[in-house]
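In what comes next, chain A is part of two complexes: it sits with chain B in the first one and with chain C in the second one.
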Partner chain A sequence: MVSTQNTDKHTTGRRRSLKAGDRRFALMILIPAMTAFLIMVFYPFMDAMSMAFYQFTIYDLEPIFIGFSNFQSILTNPYVLESWVTTAIFVVGTTALTMCVGLAWALLMYQNFFGRSVFRTLTLLPWILPSTVSAFIWAWMLNGKYGIVNALLLGSGVVDENIQFLSDDLGAMMAIILTRTWISIPLFMSFFLAGLQGLDFQQIEAARLDGASNWVVVRRIILPHLRPVFLVTAALGMIGNLQQFDIIYALTGGGPIRSTTVLSIEVYTQAFQNWDLGMASAIGVLWVFTLMPLVVYYLRSLFKED
Partner chain B sequence: MWNSRVLKKQLAAAIFAVTTAPAMASEVTFLNWVTAEPSNKPVIEGLIAKTGVETKVLDSAWGDMQKTIFLRLRTKQPLDVSQLQARWLPTLANMPNLVDFNDLYGQEYLESVIPAEVLEAGRINGKQLGLPWNTGSISLVANRNMLETSGITEAPVTVEQFVEALRKVKAAYPQSTPYALMTKSNGLITADFQTWLWAHGGLIFDQDGKVVVNSAETVATLKFLKSLVDEGLVSLDVDRGAARRMFGQESSAFYFDAPVARGFARDFSGKGAEYDKHVYPIKTPVLEAGMTHRAMEWGHLLVLFNGKAAQVDGKLSKEAPAVKFIEELAMNPEIQLDYFTKAGAIPGSKEARADSVITSDQYIVDWNNSLGVPRRDQLSSMRNSANFIAAVGEEVQAVILGQKSAEEAAKEMEVRIQRLVK
Partner chain C sequence: MADLQLKKVFKRYGKVETIHGVDLDIRHGEFIVFVGPSGCGKSTLLRMIAGLEEVSEGDVFIGGKDVTTTQPSKRGIAMVFQSYALYPHMSVKENMSFGLEVTGESKDVIEERVAEAARILKLEPLLDRKPRQLSGGQRQRVAIGRTIVRKPEVFLFDEPLSNLDAELRVQMRIEISRLHEQLGNTMIYVTHDQVEAMTMADRIVVLRDGNIEQVGTPMELYHSPCNQFVAGFIGSPKMNFLPVSVTSVVGQTVSVRLPDSQEITLNVEHGELAVGDSMTLGIRPEHFLHGESADITLQIKGDVIERLGGTTYVYGELDGQTLIIEADGEKDIVRGELMDFSFHLNRCHLFDKDGIACKQLAVEAAAA
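The block that comes next holds the complex of A and B.
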């Protein structure tokens, strides 16, 4: 009996020491990644956050602590709040359009047809191109004087004179939404396509035998099946679009007349045109808080799956 | 034994030489935007080689220059000499460690080498923080070939004649944008707007610094710009690069640019110096004949940072490589004339300006005639100029895009500027 107890204790002790060993090993392999994260992400992030409480312009040799003044300025500055609204329009518009087109494209790529693999590969092209290159391609295509879009519209008689897409509020917003959508479609399509792979095809066949139309199949079978993918994709898409900077900057620079000045452009303008790092950081904090609910939702979805 | 003694002596001599030689950096870090322009890169690299100073050249696009300077200084990265647009100086004068060239050379010496009125471009509150690298103005440049083809034999003098000339160009070249008004960014549109405002007799600030932009002249200027858009005589979405290209490719007959316009026309026309005869600077038309013609002051400066490359034995010195580098670029007539010959940059030094290469050049003669009485950009010289530029640029854009009436925009412009002044 005694010997059995000793053996149990010994086994439990070994298990504990194994677990402790595992933990130590896990910690060891985490250290390089954690160190890199702390240095490259966490420290700059916290530094930028703290800068929001300082006045630090080109005229200040050292930052001056001013408490919540930058945040008070944001609340009384109509342009910053206007940027928040512009951001919301861009994010919602881009995410919605990308999801619709991405889903449609995924459904198309889900079908069996000759050359499907080639098409799927070609679809990834916008994703592979650097986003700034894509932005410049679209800027040239939409150019009010030399752009191919205008040439096609004029040539086909749809318009009588060139449309200045990027010089008009609505045109500029549509241009950035369109460009961002074009770049994001491959990613969204991949998510939806992956989701579709898990769909039991017999369900669709059974529905068809019962006389279901294509639309009914999509509405009653495919969309409910893809619901979890939809939610995660929407969260990811919104996070990505909220962070968007390079395409907008390269295409419109935030203009005309601030009509495409989203929060990221506002931060850039404050930091590198008005030379006000404190205000830029404060807007950055607002930006982070805008992102936070989506990030929390996305992370919770991930952990739930685990 | 002998070898050992010799070795010791050599070692001692080497240590002595190292410790007693003046301590100074051997390399100068030079930030500029001209080498970022493919057509100018070989020219500037040639000039730098002529200075004989070992230089590390960093370039940045013109639009990113201020940001690049700001970031390099804030992150304490090496920067010894930088090129600046003269109108940026009031904002960037607050940068740490900027050298006052009066401390280095003395004002008297500087004025003996460079005319006082040219030095003025680099002077802030009595300090000579920038040395002029090249000077000139932003003037209206005309394409003589397009004008002649359009049946225009004389340069327009009044705004009315200018509009008539644009209409004739449009008739002769239906696909053209007769005047490449630069609307793409606030910085560009405010420059064109101000020049036309002066042509209409208006100002943003009066001589006492009072905001006077909500005026009949501003309204007339805005209406004039809007009418050009409505008649298809200008295009939206044009920046300086596009304007230069359109001019060289005979898609635009007029645009505002610096004397380097000729160099760009050579490149974009594909005809090189043969195209020079078509590039013709003219006086900015005025509302009524007899009014003073205006152009915008323009120039490139070189600024020096008081770092190791500007010092010998820890002190600012004329013998330091960074100082020699600037001296060669800004004051050596041979290098300055080389820059002029290859890129059309008008030099700052007296000796170079008096050279027959400059004085006999018809383009420069025309350019000087085009100046009228130049004025400094009233917005760029403000502290926190980006806010002022945005306030005016956005209101001008609102008018030309038809979002606001000229009266509303002029009123709002004044309100916004007043707010910024406070």
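The block that comes next holds the complex of A and C.
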């Protein structure tokens, strides 16, 4: 009995020292990555954030500390709040549409049919294309004079005259949502398809034997199975859409009349058109705080899985 | 009446044919077991009956009605899957009532049937649990409960016990047999485990490479296998096979020489046999006698001895042929010692060069 206790103590002591050694080794191999992160990401981020407390325009030789004035301006500036609402519309619309189409496409690609792998590969095409190229393709397709979308709508008699998609408030918003959705579908489809492949197909067969229709199988078996994938995909999709800049800038430049000016465009405009770096940073802070809950949710669900 | 007929049923995947024209008659209330090695087509045949696999050619009749192209849910069948196929996000009760809900049964009927099935399967305390909170045996019972509530005419079981440990498997085997007794429905059960087949079936269907090899009661298959494959597949441990050669053929009386040069004479039904033909003699491990005299005695040295308590298995060789012998556990058997094991000729099975059984008529002679 005594000897057993001694052995236990000895083992525990050794394990503790080993753990400490492991920790030291882990820290050592983390140093290069941490250094790169601190220099390349953390310092510039904090520097940019701190700029929110300064006035620094093209007329100022040095940044002037002004405390929370930039934030007070944001609260009273209708343009910034308008951008926040535009961002919300864009993010919610794009994420919802991408999730619906991505899920539908994944369900289609889950079926067994001839040439499925070719179709799956082709589906990835929008993801491979550079986003500015996709934006120009869509700009051309939605062109008010020569676009194929107008040609189809006119040809099928849906409309009597061309729609000026990109010079109309609603049309421009629809255009950026459609383009972003088109680009995001492959990624979302891949997530859903991976989730579907984790589903025991015998559950679907059992439901079929029970007399369940396609809709019942989707609603009662497939969607509950995909729930965790849904939540993570929604969070990731919203984060990605909140950060969106290039497609919107290439398609509409934030117009017409600011109707597609989301926070990212607003930051760019303030920083590099109005040369008000302090205000741009303050909007950046607002942007980060909008993103934060989603990021926290996403990271928590990742760690929960671990 | 839920009798079931398969008429010249084929299954093809492109150019590959996996089921080659199966004919089978199953009577109402029978417990039929499809047994065979992996890839023999037993699950495919079951899924064709269920309607989960399309029938490439032939017809399937349930209760006298042609259901070959009928939707699975309209065939009057219910199926228990190997993976249980329980819906993980639903409770036991929801899993059991799902089938009734989607067919639009009233709440009262659903409550009543779920309660009845839960009583039969002793699931009452588990109704609010999720499948992940259940043990393997409990999940299997829920899977069975889900089929019972639908009151099907035919129950289909696709290797339902293969995910359970040995002890639970025995327990569930007994429960399923009891359930069959209680419900009296037609049940078709797929397994690769011949012990399950022997213990549960009214009749066993032995399949190999998409063909039915033999259909019969467990004891028919045990005593009168129609070929060497069935003889080797049914019975545990497996039947011993010894190569023999024909030394004389006089009418139905055939003499063959064993590997140790002993000669035996049997009265068998046979096609065309000639002196010098190669044949196979089959003798089951449990038909050897130790310390008792019988028609033929073989001298075997036990290389490996496995003691299971009541039974001892002796692994030995007879002129290069490995034999397994089942002996009484109480007998004094020593490894490496030359021992006498004897058997009666009426326990022997003779197979021709194509593996077809030559049925014994009567034993007339003993060892030469």
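Observations on the structure shown:
The criterion applied here is as follows: the second predicted complex is superposed on the first by the 290 of 306 C-alpha atoms of A that agree within 3 Å, B and C clash if a C-alpha of one lies under 4 Å from a C-alpha of the other, contacts with A are read in each partner's own complex, and residues count from 1 in each chain.
Simple rule for what comes next: a contact is a pair of C-beta atoms (placed from the backbone, for glycine too) under 8 Å apart; a residue touches a chain by one contact, two chains touch by 3 or more.
Quick caveat, the model's predicted, so the values are computed rather than measured.
Chain B and chain C, once both complexes are superposed via chain A, fit side by side.
The superposition places the C-alpha centres of chain B and chain C at an angle of 150 degrees about the C-alpha centre of chain A, rounded in steps of 10.
When both complexes are overlaid on chain A, the residue A:Pro224 reaches chain C alone and has no touch with chain B.
In the superposed model, A:Arg208 lies in contact with chain C only, and not with chain B.
Once chain A of one complex is fitted onto chain A of the other, the partner contacts of A:Ala194 are absent, as it touches neither chain B nor chain C.
Judged by the touch definition given at the top, the superposed model places A:Val85 against neither chain B nor chain C.
With both structures placed on the common chain, the touch criterion links A:Leu30 to neither chain B nor chain C. Between chain B and chain C in the chain A overlay, the least Cα distance found is 51 Å.
Shared interface residues of chain A, touching chain B in one complex and chain C in the other, do not exist.
On the chain A side of its complex with chain C, the touching residues are 200, 202-203, 205-213, 216, 220-221, 224-225, 227.
Within the complex formed with chain B, the chain A residues making contact are 58-59, 61, 143-145, 161, 164, 166-169, 253, 255-258, 269, 272-275.
By the touch criterion stated above, chain B contacts chain A in their complex at residues 66-67, 70, 91-92, 94-96, 177, 183-186, 232, 235-237, 383-384, 386-387, 390, 394, 397-398, 401, 403. Against chain A, the residues of chain C that register as touching in their complex are 50-52, 72-74, 77-79, 81-83, 85-89, 98-99, 102-103, 146, 150.
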